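Structures incoming, each one as structure tokens.
Heads up, the next two complexes both have chain A, just with different partners, chain B and then chain C.
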Partner chain A sequence: MKRLAAAVLLAASLLTARAAGTVRVFTRDTGGRPVADAVAYLSDPDSPAPVSPPADPVAITQKDQEFSPYVTPIVVGTKVVFPNLDNVQHHVYSVSPAKRFEIPLYIGDSKETIVFDRPGIVTLGCNIHDWMVAYVFVLSTPYYAKTGADGTAEVSGLPPGRYRLEVWHPRAGTVGRDLVVTESSDTTQVISVVLKPDHRIRRAPDAGGADYK
Partner chain B sequence: MRFTRSILRALAALPLIAAARAFADGPYSSASASAAWQDNVTNATPGDGVLSAFTLESCADLTWLRDLDFSTFLTAGVASTADLCTTFSGLDSISAGPRLEIRHKIGLGPYAPLVSVGLEADAAAFSDSGRSNVDIAAVARFSQRLDEALQLVVDARVCATEANHEVYSGSYASLGATLNWDIDEIWRLSVKGAWRNGDIVAEYAAEKVPLYGWVPIDTGAYAYTGPRQLVRTFSEPFIAYRAKAPTLSWGAGVSPAIGRHTSLILEYTRCRTNAYDTYVNDLVSVGVVHHF
Partner chain C sequence: MAEAPFRMFRFRRYGSRLLLLIVGLLVLALGANFALVVRANRRNANERIHADLDKGALLFTHRVNARLDDLSSRAALMSGDYAIRQLFLEDRTDPATVSSALETYRVRMGVPFMALLAADGSRLGDTGGPLAAAALKPFQDLVARAALEDDPKAHGYARLPPNGPAGMLYSLLVVPIYAPRPEIVAWIGLALPIDHRFATELKEDALLEVTFYYGASGAMSPVESTLPPAALAAAASSNIEEGDRTVSVGGEPYVTADRDLPLITPGRAAIALQRSLRAELEPSLVLERFLLILLLASLGVAAAVAPWFARNLSRPLRTLAEHTEVIARGDYTSRLKLDRVDEIGQLATAFDRMSEGLAERDKVRDLLEKNVSPEVAAQLMRDGSALGGEEREITVLFVDLRRFTAMSESLPPREVLALLNRYFDRMSGIVEIYHGIVDKYMGDEIMALFGAPVPLVDHANNAILAAIEMKSALARLNAELEAEGLARLKFGIGINTGSIIAGNIGSSRRLNYSVIGDGVNVAARLQNLTRMSQYEADILVTASTLAASKGRFRTRPLGAVPVRGRDMPVEIFAVDGAE
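Here is the complex of A and B:
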């Protein structure tokens, strides 16, 4: 009886695995160059898939007075810590509607663990070093990935169905298209985005002395 | 002797720096090197007194930061400068001194205005020892980003200088504004203007007159009743004299970023002092500044 149950479970899992489609997303700019740090995500508005945040917190570090990674996609309910690996203090904050918080000056491990409990885009900053910026994209779908330096992201484990594919980048906003995923889907979607100028606060010094800005 | 006492007074501030080091964050450090050309280093009226000079300058500073509350910081540090004048060695100098400042950011984020008030002191030693001095300044600063690309900085300063030769001592107050425009990730344009009022020192070619000794050729110098001093800084004898007068200065600069820690800086500044006569000084400098 136990063997039968195990065989049924194995068959079911194999079927499920075979039923999962994969979508590769290649994001490029108008010049055809790959775009890194874009978040590609698929959702079915008619039947949203449930998300389960990871048990362990995600880390966004501060090193050499920069956040790393620059873009962090997570699902709703994910805990995030902000370890400061610099030898100077940072003051991490967000005033974004999706998550407002502030972690006053600290060095070393994050004093607080922040739970991102609403979907949306959260812009992070440091109140000491104005050039420091990073983004947390809080998603309500489990199907997402971030593009690497080659501009490619792979979203796998997609059950068959109709999806809305969207790609977001800090300098491009969101672009998207509808697509159908079948049991054997293994497609590459090419998304072109128009990148706006990277108008971050300038870090390079002016004629003044050592300073924080 | 007076200069020595002044240096000792400036050094007395160093324990404060050490204390700040003990409990603060940092250091933030920077170094810069520049070459500057002045068309009127003597700050003379048009005529025999106008001399130009080329100066190489290097600066370095260290700053520690301590939070007093969420948005208020105490900073303490030291700054040093070395000047090498390739034209007149008497203008070679080194200086160093402590800095103390309280900064408050009114709000959160890059667009929150930043205000600061502080004290600066410097002891400067010149090859021409009469110019060696100690100065103490109270400074205030307001900085506001108007958007991602534009930043307005307003500076106010009150400074008193005590030098070995009385003519180089004095005081002034100044108020200036700088508008920085980050055109793109690389290029920054700056325009600035400032008003200054207080003591200025002008130097003019001198001649020896029987019974009177050395006197300035510029008769306008006689309009001032302040101290005068024969100086041998230049290739010929000059008379330095002090006057109180307002100075307006304006200028522009361009500063391309070389990476995220380093910038090149090219600046032009024109200073115009209106007193009994007009003193105009044009400065052009090119340099590099690096934040570690």
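Here is the complex of A and C:
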């Protein structure tokens, strides 16, 4: 996914050579610690940039009875597959308004390819494993990136102009600010978010009951 | 005046004082004991009740929480149910389907009412019935509150429907439906009635009376209670305030703890936990009654025993007092002889010793009086035996038997002495009658004093009268002696008035009260002169006696006679009798 976005951005930057700015976003919590898995995206509400979903589907795998990645930003119209690499079945579902679907119990390759055709946040769960949760952020802007473990996300290839920068995280919601991007912009925006307690269900280290006493 | 306040505590009898003391002390000690026990019992009962009420209030909270926890976990189980999730996979949830599905869960969970609300609080469906319309708003309020919580659920009390007489108190709960956690896709709302069963269960656990109150505004009235209806009616319009109070329920004091039940619907609700003070005090009252009986019994026993004890104590005292009277009357012979070793026994012994002392003193005085005249004895007892001396004017009288020595030779000595004593007895008696004293007996002679040691105004007069009386007495004695065939007695009396020195005369070991001086010699001389036949007189007095006597006597002047030791002759008179 990241590679894909990078490729898109590379293409865009090649097309508009030297006429693009870069915004780095450093996301941290109230304790100053970097926040990973935050989606940073920029949009110009007055003239939204068109998005073009990739041709190949994006994969959200199920391994060790967890979704991976935890957060997946995509643009509207992107196809997503859910390969199950575990040796137990999973039942992927979402009841989020942006995309309601379920893939009844299966194992191995994803039986279905789901097209996320509406912007919004889609929460994924597994009907038989309550602790499994993942998010798909369906965006209607091509300018986005996800923070890594260092809390940094870099969005490049931005045409000069006024933008609204927003950062979203499952435990923080959305925070944003307005900024102006010039041809030579190469700034780092520091975004502080308030993380709510992690309410994901904690699994025993060796779930499945093998060592359950 | 200062002792006036104590007058009321003066008692004629020692026993009354002792009785009052013992009974008073008993009343004080047992009364104080009783009062302290009663106070401690009341306080303990109150403290126990208050502690139990606090426990009861906690128990109520725990019961409610336990019920809510139970329902929460059941709801959580239900919210993870596949079938529930299926309802939300529909593009448009069908309210009728949702409601009918909820009915299944309502029956499974055993609650009277259940509702499903969307994440934003809007109604998705419910199990219908009279609560459906009324419960929506309270549930929405709870959803708004729960959404802010870390553990998103909320509980509250509500009256449903909020208005109208049919309203009942409910405990409401909302819990989330996750898809998956922590994403809340909907809320389940549950209603549990606070009904008689709930109150009764609480009563069985807490052993307290439980009453739930509700009031739209101001006064509150009971809506559910474990109290009997009659008692409840009395507490109908109680003014309930958070805290503890004591109320009268059916005439019985109940300690009551009121706790507000915060309502999410209008109005006020409260729970009152009560326990009867009398029931709590029942074991203490038994003890108090026993103490009271003990107090009264002790008083009774004390009242009965104290007089006996007092009598026992005062009887020897009274005996002592009576014995004192006996001693005061002069009887030193009787003895107390109390067989006791205590203080009273010691006192009795001291009394007896005193009696002995007094008796001894009496004996001494008696002997003294026999040896000296009673007047001298009295003076000796009074003034001691100082070798004093004083000059004063008195009258001295000498009386001597004539030819007694010759007469006595013809009689056995015993009879001589008997005759002499008989004579002395008569003469001495007359001296005493006229307030004189017998100073001494010298052979058959008597020396008598008038005016010493006790001053006597009419000493000269008394002496002459005594002499005349002696003469008559002798005549009577002679008549007796004649009748007995004995010889007649004759005597001669010499009387003189003059200045003498009186006092205790002798050594410090042996003393005689006596008088010395010229006046004494003259009297003795006159007695001798009675032997002179030419005078024909048994009684001779000097002019000075006659002058001092102021009495009227038949006298004959016998002229002046020379007296040894005197330059001037003394004028003498014969006294033949009283005029």
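Simple rule for what comes next: the second predicted complex is superposed on the first by the 188 of 213 C-alpha atoms of A that agree within 3 Å, B and C clash if a C-alpha of one lies under 4 Å from a C-alpha of the other, contacts with A are read in each partner's own complex, and residues count from 1 in each chain.
Keep in mind that, in the parts below, contacts are C-beta pairs under 8 Å (C-beta built on N, C-alpha and C of every residue); 3 or more make two chains touch, one makes a residue touch a chain.
Just so you know, these numbers come straight off a predicted model, no measurement behind them.
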- Query: Counting only touches as set out at the top, which of chain B and chain C does A:T22 meet: first, second, both, neither?
  - Reply: neither
- Task: Considering only touches as defined above, state whether A:D130 meets chain B (first), chain C (second), both or neither.
- Result: both
- Query: Of the partners chain B and chain C, which touch A:S192 in the superposed model: first, second, both, neither?
  - Reply: neither
- Item | Residue contacts on chain A - larger count, chain B or chain C | B
- Message: So in the superposed three-chain picture, is A:S140 touching just chain B, just chain C, both, or none of them (first/second/both/neither)?
- Response: neither
- Message: On the A-aligned overlay, A:T61 touches which partner chain: chain B = first, chain C = second, or both, or neither?
- Response: neither
- Message: According to the stated criteria, A:L105 is in contact with first (chain B), second (chain C), both, or neither; which is it?
- Response: first
- chain A residues contacted in one complex by chain B, in the other by chain C: 93, 95, 102, 125, 127, 130-131, 197, 199-201
- Query: What does chain A use to touch chain C in their complex?
  - Reply: 93-96, 100-102, 123, 125-127, 130-133, 197, 199-201
- Note on the structure: The residues of chain B that touch chain A in their complex are 25-30, 32, 59, 61-63, 65, 67, 70-71, 73, 77, 79, 99, 105, 108-110, 112, 145, 148-149, 180, 182, 184-185, 188, 190, 253, 255, 257-263, 265, 267, 287, 289-292
- Task: Spell out the part of chain A that touches chain B in their complex, as residue ranges.
- Result: 88-89, 91, 93, 95, 102, 104-105, 107, 125, 127-128, 130-131, 197-207, 209-212
- Okay, in this complex, where on chain C does chain A touch? 80, 82, 85, 88-91, 150, 178-183, 185
